[in-house]
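Each of the next two complexes has subunit A plus one other chain: subunit B in the first, subunit C in the second.
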Partner chain A sequence: MKDIEKQISKAQHKYLNGEMSRRDFIKYLSIAGASIGLMGGPFGASAMAGKSIRFDSWGGSTSEAFREFAFKPFEKDTGIEVIEGQFGDMDTYLTQIKASYPPGGEFNLAHLSAVFDYARYVGLGYDSVIDESKIPNLKNVMTAMTKPLRAITDGKLSAVPFDLGQTGLAYNSDKISKAEAEELGAGILFEDSLADKIGTWGEWRTNIWYAALYTGQNPNDIQDLDAIWKALRKQQKLVKKYWSSGAELMSLLANEEIYVTTAWSGRVANLQAQGHPIGYLSPPDTYSWMEYIFVLKGTDMDVACKLLNALLEPECAIAVAEAQKYPPSLDPTKVKMPETVQKLPAFDPTGKLEGYLFANPEYWNSKQIEWAEKWDRIMSGA
Partner chain B sequence: MTARTRKKSSLKYLLPAIPLCVFTLCFFLFPILLMVKYSLHHSLPYGEIERIFTLENYINFFTDIYYIKVLIKSFLLGLAVSVVTIPLGYIVAYALWQSRGLKRKILYICILFPLFTNLVVRLYGWRIILSPAGPISNFLQKTGLAEESVNMLFTWPTIVLGLFSECAPYYILILFSVLTLINPRYIDAAFDLGATRLEAFFKVIWPLSLSGVISGGLIVYIWAFGAFATPTILGNAKHWTLAVHAERQILSLRDWPYGSAFGIIILLFTLLIVFLQTKLLKRKQIYREI
Partner chain C sequence: MTQEKSWKPWALLSPALTAVFFFLVVPTLFVIVYSFWLRAPTGQDIPAFQFSNYAKFFADMFYPGLLIRTIRVALEAVALSLIMGYIPAYFFSQTKSKHKNMLIILILLPFWVSFIIRAMSWINILGDTGLINYVLLKLHIIANPISMLYNEGSVLMGLVQFLLPFMILNIYVSLEGIDKNLVPAAKSLGCTEWQAFKEVTLPLSLPGVSAGSLLVFVLAAGTYLPPMILGGPQNAMMANMVFKRVIGTLDWPFGSAISVILLVLIGLIVYAYNRYLGISQIFKSLS
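Coming up: the complex of A and B.
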């Protein structure tokens, strides 16, 4: 009953702050009332109960890694249930958050990518303030990963960095030699001779980023936009499939439906571990990103901090890293990393992440509306 | 029977329909009305909705050649799937109608069995079968019919094939139920009057089964016109139908009013087809003939 009160007072708070209309507030109360009668709590969401927390991530091998090496031991130790959800891309997930009632209220923790997403969530008011004293393991996290987040939330944190990776280039090494791939660099995605054997993630940022590299521009400061659209239109004719999830990416490469694609470094490492002839290429200015566990407003902070601290426990973070094939956010100068982690793509032994190019949050967020729509049209051949 | 008793008795028959009416009202009509409402609002740059009355979403749609092309593409896809499913499905439905005993049971199982599996699972099954590393490609290579692996995925024929496999069972079952209504004495009479098997089919069976062909064909068309999963899984961005674009507008581009307008446009076109079909059936007086 305490949770119900908390949720209703949260909705009331939103209403009083003008974030929720009177009509929506009344609607919320009636729906909550009806659901209490039907299910014993607003929306019957067990994620709202004190002894459970919802965690949304990228599905496939990433979710499996979390389940096996983080959540199972956590649930055993604390009795707190972790309810898992999955998403395929960041924009769709943000829409789900917005569509929840009250917005964000049905979600707790999200495994988000890139600082621009952190900025979007903060901009939309979904952030919370983490009590860092309750997460002692945060001291082991690379400062290079917490700094950009703190810059957005006035020195505080609404998320803890968890891992980092790259969207690089994957190629079938039986069909394309390493030397050939390295010579082509980003141009491999626009190579005429590979027509019908090229794939790429159907996400606008990734493709505009690589079109920028192909046209010799800085992805964080594109000057010749026409050249970008021209390159992407040329690429559209060569692309066999714009994939939409990590699982699909792996299946396309494993079944040789495509020979080359933009690819998430961890998924490529997973394919390599499975014995597939897949090479990984990270040309200069490869699209790098850091991932973090974002705590959405309204989440039970005590439960969240407990889980976050457990996730940053070196034993757990390393096990998840080995399984999902993304290096952890832990500073290798503070925590000794096993060889398996050191060999992962995007691993930085210095812990400073110098030379990694991340998407500038302000730049990319300001372009979203215009570029995402344009990209959708180009992708479908307009 | 007095008027009062008649009224009472008809109310008694209406009672069982109440749950269905409530369900339709709550989970079909109400969401559609909500969509209509959303589609008449304006979307702000970051996905917020400005609750003003505007027709801009519909105007934008019908003045944007890109979406007109998508609409035509969806229409043609519906047509292609219908053209493939209607004759092929007829053959199977006819065979099912003509069969008896074990043969009919086997045919039934073959038609119904795919429906026991989830649609997405079935579509991924096609992905495996048609992939370059799949059994068809392997067979073609082994028999020397293809020199290298063959990728049949992400093409229009593959999408039509996927939709055919989805719609065919429903079409066959609808048509079969109509075929079973045909009085066998009509066919016997045709033979008695000297008709050949072909003549009996075209002059008796075909006209009497036409209502099933049209109703089943309509289901197939509507299904393919509003297809979402198949073009997404078996196709590529260039194969996206209006339904996929509606999803993109709502989920990826976060333009709910525009996405809702897409949904309403799909619904209106579907209703238009249903209207035309009803007109066609009435004109041909097909129901009366049966």
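Coming up: the complex of A and C.
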């Protein structure tokens, strides 16, 4: 692309000096324009193959941190361009991958979330196994975060864990005291006195998880399913809004439309940083999850490993953590974390993540169709 | 028509027909084919020819109930848009104001703002801490905020806000096409203002009314964002369910079956419209 720009500049110089006719100059511009169109347009991906890598993430401040602390130095060092993409949520992105041809072929790396989605991608055959010896910074990553991924891919990795989060409980601390919230625990989402002031993410896993905690069951091994549906039906009558995006969650809490909701820990930290009176509660067995950089099938693995290593550089991982308000996957006993990171919800100074409960991918993925449809009916009041 | 002339319209239409074929007919055929497939537990699609997805839809009243709700809400949106749209359209057609064109542009102004932003902005107006509740509470007219969001009313409001310009413009074009001498002629024969409107203007504007109604109905029945942003748990419509099945659970076959059922139903309604009113009315009112 830069070569073409130089050639155009030369041709313009010649034209201005009278060394080239106007007709020839316009002809030259047309041909150059067509070349740029082919390389930079919809056919660009294949034209640029080998010199670029695509990276999809959540956008916003997270992307800015990635660009500043990982992509720019990486591009400077290697000459490989990082093409950034964005997605709104995991399900939409997986649909995009499935719809591409060959599936995942247009994509390389993605900042994905939740171990059960790792299992879904692997189950659909969209993964590539990474060569860990080419990612020296992987040694700094918490073993507690690589272990669940290895369990799915026969001891190998198709992604590197990148950050840690929780779907905990957020409450308006002007309306509900900390002591009251802690006493209610998961029951705060089912509290009659908060009718019409309760919100929750309209996603089936989260709500079934908290119904399990409310009914005293292990979310990864629910025995009394009827009690779950009964609890969710009771909750449905109390819920004002099943929200569908982080922006909506923040708007509902900030505008006091709801006083309590399931909430992503990073979003709560953002609201707190903005000065809103929002408390965060993580009762025992809070729904914990991790985000990881997944390598999709067909990716140039040498390039991918180089970039993954750059992303795991402490400077980059910490900057992204500060931007998105989720603690990094780096083990705090190996890499010193600044105070800003230590104060983030879900941060574990031990690096062992004991007491953090992750969704068992096999268990939850096997229930998806049945429970998601049941949940839709309950949510609709049926 | 000579042989040469007979192929010319097709030649001229070929770019549009090609686009319609590849971007509408082919994808629709894919959706129909998918609706007979099966979904594997891992999310993969299994080619098959079976009707279990359709059977699942009609197994109980949950999905048909959603379909009925979708049609009902779409019809309510048509009625509201008609009532709210006729008056401004009539005003635009009658006014001699030099700002008439500017007023018509104002109707289109909301399209310049993202629909998501427009829908979200209602939260600041109708919410518990929104403008209306704030004013009413400050004036001590109410003691507690009135709940105005996340119900069918707010969904309808979002729909009307989105669809009203389609109705206004269709009716306006129809009213503009009426011979300006007809109303004075009716009056000279003894009609009152109201009678002239009822006997002359209203019947002649019906093509625009029906064209606007059809467009509003089709768009409302396939809508997705207003129920998602402004609706409560019980206000989901068919498009929301398609989204959940296709995106949420990667169940493309069942999502496709729901889409086909909605497509067939809307197709039947459009067919009935064409049979009794004539689809050409839309083109008349737009021409």
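Assume the second predicted complex is superposed on the first by the 299 of 382 C-alpha atoms of A that agree within 3 Å, B and C clash if a C-alpha of one lies under 4 Å from a C-alpha of the other, contacts with A are read in each partner's own complex, and residues count from 1 in each chain.
In this text, a residue touches a chain if its C-beta (ideal position, glycine included) is under 8 Å from a C-beta of that chain, and two chains touch if they have at least 3 such contacts.
Note that the structure is predicted; figures quoted are calculated from it, not measured.
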Following the overlay on subunit A, give me a clash-or-fit verdict for subunit B and subunit C. clash
Could you say whether A:Gly355 touches subunit B, subunit C, both of them, or neither, answering first, second, both or neither? neither
Please work out whether A:Val239 is in contact with subunit B alone, subunit C alone, both, or neither, and reply first, second, both or neither. both
Is A:Ser366 in contact with subunit B, with subunit C, with both, or with neither (first, second, both, neither)? second
Tell me which partner A:Pro338 touches in the superposition: subunit B (first), subunit C (second), both or neither. neither
Partner chain(s) touched by A:Gly187 [first = subunit B, second = subunit C, both, neither]: neither
In the superposed view, which residues of subunit A touch subunit B and also subunit C? 91-92, 94-95, 98, 124, 196, 236, 239-242, 244, 251, 255-257, 369, 372-373, 376-377, 379-382
Residues of subunit C touching subunit A in the complex: 39, 41-44, 62, 65-66, 120, 123-124, 127-130, 147, 149-150, 228-229, 232-234, 236, 241, 244, 246-251
Under the definition above, what is the set of subunit A residues touching subunit C in their complex? 91-92, 94-95, 98, 120, 123-124, 196, 203, 236, 239-242, 244, 247-248, 251-252, 255-257, 365-366, 368-369, 372-373, 376-377, 379-382
Give the list of subunit B residues in touch with subunit A in this complex. 45-47, 66, 69-70, 127-128, 131-134, 149, 151, 153-154, 232, 236-238, 240, 245, 248, 250-254
In the complex formed with subunit B, which residues of subunit A make contact? 89, 91-92, 94-96, 98, 124, 196, 202, 236, 239-242, 244, 251, 254-257, 369, 372-373, 376-377, 379-382
